[in-house]
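In structure tokens below, several structures.
Heads up, the next two complexes both have chain A, just with different partners, chain B and then chain C.
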Partner chain A sequence: MSNYTFSSKTKNLSIALMAIGLLSIVGGFLADSHRAWPTLLHNSFFFMAIGLGALFFLAVQYAAEVGWSAAVKRPIEAVSSVLPYGAAIFGVVVILSALHINHVYHWADPHVHDPASEHYDSIIAGKSGFLNPVFFIIRTVVYLGGWVLFFRAFMKRSEIEGQGLNVQNWKATQSLAAWFLVFFAVTSSTSAWDWIMSIDTHWFSTLFGWYTFAGFFVSALTVITLVVLHLKGRGLLPEVNENHIHDLGKFMFAFSVFWTYLWFSQFMLIWYSNIPEEVTYYMDRFENYKFLFIFNLFLNFFFPFLILIKRGAKRRTGVLTFTGIMILIGHWSDNFVMITPGVMKEHWHLGWMEIGTMLGFLGLFLFIVLNKLASKPVSNPTHVFYEESVHHHI
Partner chain B sequence: MSKQVIYGVFDDEEILLNSARALRGKGVRINDVFSPFPIHGLDPVIGIKPTRLSNAAFFYGMFGTSMAILMTWYMMIHDWPMNVGGKPSFSWFENMPAFIPVTFELTVFCAAHGMVLSYLLVNKIYPGRKAHNPDPRSTDDKFIMEIQVAENKKVAQSEIISVLQSTGAIEINQKEL
Partner chain C sequence: MANHSSSIREPLILGTKTYHQITEDISRPIEGKANGMFKVVFTISALIALWGVGCFAYTIGTGIGVWGLNKTVGWAWDITNFVWWVGIGHAGTLISAILLLFRQRWRMSINRSAEAMTIFAVICAALFPVMHMGRVWMAYWVLPLPNTFGSLWVNFNSPLLWDVFAISTYFSVSLVFWYTGLIPDFASIRDRQVKPGMRKIYSILSFGWSGSAKQWSRFEEVSLVLAGLSTPLVLSVHTIVSMDFATSVIPGWHTTIFPPYFVAGAIFSGFAMVLTLLIIMRKVLHLEDYITITHVEAMNKIIIITGSIVGVAYLTELFISWYSGVEYEQYAFLNRATGPYWWSYWSMMTCNVITPQLFWFKKIRKSLMATFIISIFVNIGMWFERFVIIVTSLHRDYLPSSWTMFHPTFVDIGIFIGTIGIFFTLFLVFSRTFPVIAMSELKTIVKSTSENTNQTHH
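This part shows the complex of A and B:
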């Protein structure tokens, strides 16, 4: 049983990326803090949510008694280990935003709730029972804290699992997974309303939570696939064969289509009914972000759909890596179009600050995931379904 | 014209798989296997090529997409322009989001029905067709391998039979069809 080694070359690369990111963030705040805040929110959300998506995937494997994925459990865990660090960074950014240290959340401005003020906004004031800083911060702490506690419980169970075949422990993990899924079902929707939908404070969409979830879940599946391919490239995980890779490719394909389904459901109903209070969201995006708006649909739907539809494509490392990178770029830019327009309107940029911050978070992400991979053997032979997973054939 | 056929009867699918591997290793062509349930991993072992049904499905789907676009354009834009919800743009493209659901449905409809019909045609299955089954026990608890002698002139008939016997066939029947 061999371990993954976090080579010094990769380590230096990730540290260099982090340095670029730190420079971009500091430079960004010095140059234009109005632009730096949404950039920070966007990137910290995107990378934390990938960890959250991986934790959700891990929980599904236990709750649904999945056999085939036992051999790729370590990569899933490694990707989910981003969650606590991501939650800490994102939590600070979002709580500072709620305290109106910046202009990300329009509702956080006390003047819009004050009838005497000239900035009084009766629509936002009507939402103040829900969108007020105290309740918002409590909710944020509950979401992030809840997820991190569940993550730690999963890691504790995994530690016991690594010590030897233990059916009792597997059953305990299954019930933990079920409880997490219940908590996640509610919080994944409400957290997306709070953190992202409330940026466009006047606007609302009931399926926004699932739309956000679909985006970060397909990103998480893509990252898991890329990590597995990376390990295979290093000659590790000999028990993972092309059938496992095929299944991961199917997940990327299926959830790209799922994302499109939700994207289109939200878009078409609003486009068709054409009600002013709903359609403003798309007006902003279609007038000022037209290229990115359409580009996202291409990268996140047509691209994976047409490339990954063939059986052989889902089994080929090169094709999966290329499509995976495109999907990640697509969802990063989709998150950009979800977060930035509400803050920057037509005065947006996609330049050194956005790209640099993204590279910084990418460096941190790689550093955490690869460190976690190197900390334990990448094979997982004491999982109850390991034998079944090794013989996986489709 | 009479055809000489050898039937190897097995009572376990794993034993049949091993026997099939041994026969294929000797260059014997196995015509078909009759089984009460699908045997996992059998196709490559007895040399059945991967199905091309999925390629056909893609083209049936494309056909459905094209028909849906043609239909919505002809009905809603060209023949009798419709003003629904204040969107009388006389342009298919500008009304496209409204036509996506029906396009999706017709794509799925054509792909699914095309696949079913192709499957039935390729396998020559139709209502009232008599079952082509060499031995009714293959619908219960036996697995039956069919080898046509005419296809295997290079391997002696006695050798095929001895391989079948040594790899665990419980019964070997020779028939003239």
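This part shows the complex of A and C:
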């Protein structure tokens, strides 16, 4: 059984990217810290959430007794292994923001809660039972800590799984998955309200949590597919045939459509009702971020929809890779449009700082994922459904 | 296809069945005589349906003033029942289209009856908006037809019109999908008949199906196309139903989570109704080997998932209403939970969020009696959910001087009970004249997932 080798060329590339990122972040803080903070928040969230999305996908494979995916379990795990590192970085950024070291969260400014202050904002003050630094930090620690603990439990189960066919262990993983899904069902929504929705402190949307989830989940599915294609390109994972690739492509297609469904539901209902307290969210974005706003919908919907609807496209490495990269750019910029306007208003930039920071996180992401892949065999023949997966044919 | 199913998977067909045995078992209810029990149940259902039809006639003759609606609560039981029935109609399409895409083989024993249920439920649902028009003879005005009344057009901006399109599309596609699947099975039944009358009827129903390779190839192609068309419909129908409420600016109605939350609720209620019907049907028609505990358990898992999604949505709405800082939103939810309709809110919470959580216990999930009882709870809970959304939001809105209560009249109740009668009557007719399990489909998995294969592999 052959292992993946993290070649020194790729390693150097990822280290170079990290160096660019570090320079951009340091340079960013020296040049304009007001702009650097949301950039850091955006990128650390985007890459951490991909790990979280992969962990969710992993849990679903066990909870739903999925057979076909056993052969691609290692790539799913490898992508999810970003979570603990991502959570550490993101946790620091978000907690510092809640402490009002910057001005990402308007509610973190104590003056807006103080009736005596000229900056008093009665609407935000009304939310202070929820949006206050102490409670916010406790919640953040619970979400991130909980996810990381679940991640570690999954990895422990995976170790046992690797030692030999073990139905008891599979059952234990299944119940672990069920518990994780319950925890995730609540925290995926509430964390999105806390970390992202509260940036536009006045604004609210009940769908926001699911919308955020749909975005990072489709990004995670895309990354998993790209990792599998990369391994195939290296001549690894011989048991993964084009039917597996087709299924991964279907997931990219289906959840791109699902994301669009939620995008449309949220946008259309707010646009249709045209209530001032809600519609301002889209007004800001449409007036000041028009290009990105439309570009997002194009990259995240029309692109995957029109390209991946064909059966053949979902089985072709080149097409899937190209569409996958477009989806990732699309969701990265969607996250940008979710996070930046609340902080930067119309004075936003998408330049060296944002791109450089993104490249830095990308380098770190590749480093973690590829290291994880190289750490043990990429095949997983002791999975209870391995036989089913190897004979997967649709 | 060779059998590579893992040995931890439960068989989906019990006993050692041959192809012929499957045909025998599924044709039996059609060819045999109805027993006394069936006649009694059928008579009761038909009488209830008749009572409903009477109430309909009374409504049409006198006008919708015979309902309990008033100027504040302009929508009540009618729309509640409409949404309830449309929701129930969701399981069939989910089973036939989405579970097909997810290659869930357990769907094969239940898709036929779930699809039939879908069609009957949509028929019941459609009656309500039509009745609510009052002048039902003008119902065709909802269609954008060229007309001689000047530039009189339907309002394309109205979600009510989108409903007309969504539901008629849904009904048509579901019907065609259902019927297409029935053709080979009708042919199998036709070929077994000795009486010329029966032979003639099933011959017409089977459209001259001969089972040639060409026919099968086209059959499979058309099934795939219909599954592709049905998949977005599963989401679109209840999405648009939710927009009937969510596009307006009524507190408690205008909330962005409505589309996906309504879809999850619809699937939830649909599966509950499928369970209610199938637990009885498998017993009465002796189909225990085909609709097994494994099937029931799988459906119960869907009930937990969708019930929990609905639960998360309830809590999200509740929280965001507070978080929004909008006084009207906050009051709408306070009024739901503690106002004069508190009992409906807490019935909804208990039936939809708490009872399905019992399915976390494997014993309960695998118990037919417990499943049956919980499925009834869910049916009730989902009715209350729509009642809560519709009536509690309307009865106290922006203008306190108009606050009032809604009291259903005997006609409201009669029509609702009547549609249940219509639904059961149609289902009972179906269960004795149609092959209730897709036998041609089921035969494709008998070699890979029945008890005899699992035995030989061990």
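Throughout what follows, the second predicted complex is superposed on the first by the 394 of 394 C-alpha atoms of A that agree within 3 Å, B and C clash if a C-alpha of one lies under 4 Å from a C-alpha of the other, contacts with A are read in each partner's own complex, and residues count from 1 in each chain.
To be clear about the criterion, a residue touches a chain if its C-beta (ideal position, glycine included) is under 8 Å from a C-beta of that chain, and two chains touch if they have at least 3 such contacts.
Predicted, not measured: the structure shown is a model, and the values here were computed from it.
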Chain B and chain C placed together on chain A: clash or fit? clash
Figure out whether A:162 sits in contact with chain B (first) or chain C (second), or with both, or with neither.
-> neither
Per residue count on chain A, the busier partner among chain B and chain C is C
Applying the touch criterion given at the start, work out whether A:393 contacts chain B, chain C, both or neither, answering first, second, both or neither. both
Check your understanding: First (chain B), second (chain C), both or neither: which does A:146 touch?
Key -> neither
First (chain B), second (chain C), both or neither: which does A:272 touch? both
- If you stack the two complexes on chain A, which partner ends up touching A:133: first (chain B), second (chain C), both, or neither? neither
Please work out whether A:182 is in contact with chain B alone, chain C alone, both, or neither, and reply first, second, both or neither.
second
> Which of the two partners, first being chain B and second being chain C, lies in contact with A:311: first, second, both, or neither?
Replying inline: first
Dual-contact residues of chain A (chain B, chain C) 268, 272-273, 393
So, in the complex, the side of chain A touching chain B is made of residues 264, 267-268, 271-274, 309, 311, 393
In the complex, chain C touches chain A at residues 1-2, 4-6, 8-9, 101, 103, 235, 239, 243, 246-249, 254-260, 308-309, 312-313, 316-317, 320, 323-326, 360
Seen from chain B, its contact residues with chain A in the complex are 40-41, 50, 54, 58, 85-86, 97-98, 100-101
Residue set of chain A touching chain C in the complex reads 65, 67, 123, 126-127, 130, 167, 170, 178, 182, 185-186, 189, 193, 202, 204-210, 250, 261-262, 265-266, 268-270, 272-273, 275, 277, 384-385, 387-388, 390-391, 393-394
